[in-house]
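Two complexes follow with chain A in common, the first pairing it with chain B and the second with chain C.
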Partner chain A sequence: MERKIGVYICECGPNISEKIDIDKVIDAISPYEDVSVVEKFKLLCSADGKKFLEEQIKKNKLTHLVVAACSPKEHEKTFMEVCENAELNPYLFQLANIREQCAWITEDKNEATKKAIRLIKAAIGRVRYHSSLEKIEIDSIPDVLVIGGGIAGIEASLQLARPDRKVYLVEKTSSLGGLVKNFEKTFLGMKPVSDIVNEKIHEIEKNENIKVFTDSEVEEAIGFFGNFEVNIKRTNEETEPVELSVGAVILATGATLFNPEKNPEYGYGKFDNVLTSLDFEKMNLTGKILLKDGTTPKSVSIIHCVGRKDKEYCSEICCMYSLKFIRYLKDKLPNISVQNFYSDLVIPGKTDQKFYEETKEKNVDFIRSSNISVAKKGNQLNINYTDENNNKKSLLTDMIILSPALEPTNDASKIAEITGVSRDDEGFFAEEHEKLNPISTSTEGIYIVGCAKGPKNISDTIVQAEAASGKILSSLIPGRKLEPEVKTSYISESFCIGCKTCLSVCSYGAIIFDEAKKVSVVNEVICRGCGNCVAACPSGAATIKHFKFNQLYQELREAVK
Partner chain B sequence: MKEKNKDVLVIGAGIAGIEASLMLSKADRKVHLIEKTSYTGGTTIKFEEVFSNMECSTCMVAPRQQELLQDKNINLITLGNVEEVKGSVGDFTVKIHKKARYVDMNNCIGCNACFEPCPVSLKNEFEEGLSERKAIYVPCAGALPNVPMIDTDNCLRFKGKKCTACQEACMFEAIDYNQKDEKLDLKIGAIVVATGFSLIDTENLSNYSYGKIDNVYTSMEFERLYASNGPTDGKIVLKDGKSPKNVAIIHCVGRDKKGYCSSVCCMYSLKFNHYLKSKIPDIDIKEFYTDLCIPGKSHQKFYEKMKETKVDLIRFSEIEVAKQGKDTVVKYSKNGGKKNVLPFDMIILAPAIEPKSDSSKLANTLGITTDEYGFFKEENPYVSSVLSSKPGVFIVGCAQGAKNIQDSVSQANAAVGKILSLT
Partner chain C sequence: MNKLKGALIHVKSNIGNTIIDLLEKSIDKGIFDAVIVPMKVPAGDSFVYVLVKDKSLIKDGVPLPPTMFVQGAKAVSSVTRLGEGNMKIAAVIRPCETRATIELSKFGQTNLENFTIISMDCPGVLPTSDFLKDPEKNMEIFNEAVKNWDDKKMRPVCQICDKSSMVSGDLHIGTLGAKKDTCFIISNSEKGNDIAEKLGINLKDNLDSWQTQVKKLSEEKKKKRIKAHKELKSKVEGIDNLVESFSQCINCHNCMRVCPVCFCRLCYFDSDKVKHNADDYLTRAEIKGSMRFLPDTTLFQMGRMMHMSLYCVSCGACEDACSMDIPVAQIFSMIADQTQGLFDYVSGRSLDEPVPLVAYKKEELHEMEDAND
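Showing the complex of A and B:
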């Protein structure tokens, strides 16, 4: 096919025309191979300019377009739209940045003009090898799989379920409610937890758009955003797995407590009356706070930050629930003496400090301490510690409550493997971007919420569940087709040597290995065109559309020639 | 029954407001994004880097700002103010006052040729007053939309003089002195309030001598001192142009007065440690803190890394900044104990985060409640922290309470979730 490349130079008012001799540029560019027209215009991004370009493309029957103007960040999209309006494939266009990268930074007009010529020649060199790329559309399934029936999973399910969107809620234990159903009250406002959770569980039960699978686990989840095939298996009976198709997956698998037996100095599992926070929540929920021998404790010590050294992070909620424990204790046993052994008080946000100050008034000791160890002394427990001023001290108490670090659940690694979601150094599910995409993962369509992605309180967990619903509701709309990335990579079957390097660098799980042919294959629907595989491939088998080797080579060649 | 209006008003074009708007647009909702200033990006674009991966903040936000400007479902109203809100969820009527920019958004190409000839020089608020701007200006290089505005309180022409310097310099006929303020009536179904925060006025906290002694900076001033597009092009310098040899960073400034912990100061103070060490490797830094608040899975790791750079962390319970002879000193003690005194070249204060000064007025206009600290109040944090006391009005980001970028974005996502599940 004969190429007819049109080159249009924007004067950008005085911005380009004063710094670059545009007529000289036109003279230099015009004789160039395949260039059928070179024109200048005073402002191509204006309404007049866009109309002019559109007419030029049609009139001159252009096959390729080069615009020399500003940064692609400003107007690449604008000119791609012009191409579409003129029925020219928008990928047969190249923008040469002769403003930000030339006119604005090059003092000498002669130099700037020479540079502009090079930049435009490079764009011509490149665009000559561009090919049309077509958008593809795929059908999507609006239904959602939620893994984990704690407060996060419950909240997300309720917000997502409606007649045109089914939710499948999978819980590995026999009932919904997760960790929080062990709590009597929440620390914010000391509200009964049962009020919050039971009502929601009831709502789930009567919602016909939510199907709950208890005593069940997800065995398999393969596919991509809009189309995942999942297998759910009951754990307590021999039945065939249930096969479902969903468009998105929410991981709300929660967290578990660090086992304090790993730090024997706290005496957990060795001495009676040393409890974890969860043990104590459960005891408190029975309404009776008692020692092993059935008597009522006269003193209780709460030790914060158990396992923090091992885990190397602050578990965020322990200071606050330790304060809540004081309330439990003082409510039920008003004369009890309570000590808190802590390192730093972490009570961020607008409500927590007030709760702390109100709790402090209840005659409680806060002891900033380190090097804690617990020993048995008669019927009591003896806590040895180093105080703030580096003095070694000890204190006798009847009961000890440990506040252990939160850590990922045992099955987090299995779930990560099944879903292809990556985990961070701490073993929690990793965010796509810590700041801007805190709910998304590198696998599009799989979202992470609640303690499964790091320690957090109930309120923040609910926000994240709602956030994941927001992500799904805004992107997975019943009846709407999905448009995957166009500039994807592909791997040549004949060049691939089967080394699997690309599999290790793909962040999106877009590459699979064909064991029969011993070659890597890109799933273009999942690929986001980052180019990692192309850079890493040792045999030159991986190529990315629109950034092909020859396109880049020709561009560079013209730029440096 | 009347069909519910599905359009959404988002108030505030900071990181939370941008996030909510883009998501809503993706779901084909029409969004009116109203912003009080002339630019988008809010406070986040004032930071050079963000903790804990030290990513360039403007580079992180700019693609979203750009996307916002090109999004056809989003009607960005800059220099706008919400004057009246009537109705209820699904059927709100909102009156907006849009101040004239006096620069045509369509004609202006952002070449900045109009600044230089302007004869007026003023302190630049965006730069915390550390540099000057003209009466026609953009707040900083790279502001989006990259279109200047005329500050009519200070422009000579608007004070009755015959100056047309900027208009003469503009080659695109973009300067239009005849633009008028506009009154807009919008009909919308839901409102997202994302108006952000301020820092407590440190001048009223006398023990820190802010404003009285040179080289005592607030955290926001220091952010701009380090910013590569800031008043010193990123050079950390003292008032006399020399670089500091030792710096004190004081945490919890104003915490006693506010009665809450502002959540983010420990982390950004540790970030400052990195800022300082990267520009002045030999610098001596002391961080004065009360309790180290670094919750969550990734923050302690950042702290450990900072500790390796030999920063001194000193716990205090009483602290004062004063002049002792020629020296600026920090006097501190712990639990009423012995008072220590240390001299410093530069002192950086980490002041408490508080609601914007006009937030109670906005709460009244919207018909929502505020808490005892003046932040917009969630109806019930165990139902959802983004629900205000009024159905259809959602509160996100620091306007609801002090929080970091990640949690602000999560709340924006959550508010959108709530809105899209309304129908």
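Showing the complex of A and C:
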């Protein structure tokens, strides 16, 4: 095949032209094999630049295109679109990064020019061996599966449901509402919350685009963004699982409290009137704060950070709801004395701090302490502790509220296994990137919201539910076809030895094993082209399209020659 | 890892016959349906692995043959490469063959579900070319060497083998440290314990004398190994020496074909991927001034080294098969010690040890990081 490679060098205004002698680069590249045209342009990503490129490709009947410009992160897609417009397969194009990796990192114009020549030669060496890759399109299903009927799942379901998008909301308990439905008020605003949650549940119930499955669990979820096959099973009935197809999945499985019985020094489960924060929320919601014997407590102690040492992380919300408890107590029993035993107070943000200052004024003790242990003394509870000055002290109280750490719900591991979403060191679902992709997971189309990815307050949970809904609404549009990754991996049947190593390293569940042929097979629609299988394959059977051995070899050869 | 358990038993005439006896008894008791054991070929000049179903033929087995014509792991793998069978089979193979079998099992190239591996303290094997010069005489030389644990005539890698008593199969016959007319039966797995129980062998004896002797021998060999590798390194280190070392390679790929852990179905170097068009060769000749043919012989060796050194068990089969007398096994054993050492990995030590390519550790290989970081 006769190759006609066009090389276009972008001056990027002064960004590249000031640091690289572009004319010298053109002289060096021009005589190169298969190169039929080398040109420079002021700004190739501009409207004029794109038009120029498109005309050049057509006019010179180019078979391959090399653009020497900025990082592929910046404009690879731009130039691939130009190729498409000029009817050149966009994968017959290679971008040489002579800005970030060259012009911007040195003051030495001579060296920068030499490196630019190498990088462009490497791109030419590589592009020669590129093959056309064709886009594929698949139908997508706009419906969404939401796992977990707490505030996160409720909010996401309400955001997503519409006539052309069904939502299936699966809750393992018998009712919706999660932890939040037990809360009388929210912290900061001290606004009623359980009523609002009940309203939202009512809205869900009357919304005909939301189908709620209570007492149910997801048994299976196989597939890929736009097309997951899901099985839902009722937990206490011997019925056949319900089979559904959805385009996206939201994990909103929430969190649960660390069991304080694991730290027996707090006396939970041993002594009366030692409650967890959730026990106390529930009691408060009844409107009456009472001791076991039916009398009203005169003093209450709140112990923070229960289980923090075991879990090795701060649960973020306990300090704030502990302050809220003080408000509950003072509102209902104005004369009550309240002590807070804490090791560190975590009160971030502009409004939280104010809430703390205001709560502190209500004649409450904040005692920084360690080595807390609880014993029974008469009808009361005795808290032994070491204070900030290392003095051993004790205090008598009527009631103790423990603020335990939050931990993943016990079905998290099963859901992780079913969906293939990995978990972090603490057992919560792991996001794709903690800062840049905080609600996405390694599997496209599966999102995590709320406490399922770590302790979180209600407003952050709502924000995440809205964010995940936004992602789904903008990408999973009814009727629109999906374009899966084309730079996928494939496994050579003649090289594959059937060791299944690739199955164990594939993050996307994209590889299946053909038992008849004893070889691994990649499902190209699920494969995201990460390259794990290529790196791990002991017999060199796995290859990624567009990163073939020969393409890399030729690129490297030119770069180091 | 399993704690070794063992029993001291009486040896009838020689170790070989004791193993044969055990196999026969096991067949009688229905523990195994068949055995894989080396046998002498009718011509008397070679030994092959035979899958024996007829109990009366087991007596012809030679559990400790003087040479290794076929690496035992290849025999075991041939039987179960396509999955476990219904038959319970015992294979009598050497420790390096056992280790290669374990590696193959990690890559799904053999299925050990219904297999019991029986190994023994290994005195080494004679190079096949030496053996073939006079099989009868060499059989005597080998038997004599076994008695005195003398490795001077064995394969060069056997002479520096520090894992000749490594137990990684199910049962192991220990002769080191055992008094005259006795040997140890050592179990390394539940399967092994089970078989011993069915055979009425009580695994309660003290293994100290065997372990002490194994440790002593292994330490001596380790010293020899380090010394030999050091000398070898000076000869092959650097690109010029490396090319020189493999300069006689005729690209026959014998080393690859006999290698027990060369598990690829199709060798990359046998595939069309290494066949280039004339223009490519011309370009290469132009860059270097000239180009030798057959091309890429050193590349083949290095490619194989890159693939296999993590799993190499230093059995020496490649070197025996090399018609050009290139010390392939010695070079591979040196590289293997280093690459496996990087990952604290010993090929074939245990079935439970994942191969380094898939074992993810958060903290490792800091020594490979840029010193300026």
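Please note the rule applied: the second predicted complex is superposed on the first by the 427 of 561 C-alpha atoms of A that agree within 3 Å, B and C clash if a C-alpha of one lies under 4 Å from a C-alpha of the other, contacts with A are read in each partner's own complex, and residues count from 1 in each chain.
Here, a residue touches a chain if its C-beta (ideal position, glycine included) is under 8 Å from a C-beta of that chain, and two chains touch if they have at least 3 such contacts.
Predicted model, so just to flag it, every value in this text is computed and none were measured.
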| item | value |
| --- | --- |
| Clash or fit, chain B versus chain C on superposed chain A | fit |
| Which of chain B and chain C A:Lys471 touches, first, second, both or neither | first |
| Chain B versus chain C as contact partner of A:Thr419, first or second or both or neither | neither |
| Chain A residues touched - chain C or chain B, whichever exceeds | B |
| Partner chain in contact with A:Phe549 - chain B first, chain C second, else both or neither | second |
| Which of chain B and chain C A:Cys12 touches, first, second, both or neither | first |
| Shortest span in Å between Cα atoms of chain B and of chain C, once chain A is used as the common reference | 9 |
| Where chain A meets both chain C and chain B, residue numbers | none |
| Chain A partner contacts - residues on chain B that touch it in the complex | 19, 23-24, 26-28, 50, 52-53, 55, 60, 64, 66, 70, 106, 109, 111, 113, 171-172, 259-263, 291-301, 304, 334-335, 371, 373, 375, 381-386, 401-403, 405-407, 409-418, 420-421 |
| Chain A-touching residues of chain C, taken from the complex the two chains share | 82, 106-109, 263-266, 268, 271, 273, 287, 307, 355, 357-358 |
| Chain A - residues contacting chain C, complex | 494-501, 504-505, 518, 535-536, 538-540, 549-550, 561 |
| Residues of chain A that touch chain B when the two form their complex | 12-15, 43, 45-46, 73, 77, 159-160, 162, 186, 188-189, 191, 196, 312-316, 344-354, 357, 388, 424-426, 428, 431, 434-439, 454-456, 458-460, 462-464, 466-471, 473-475, 477 |
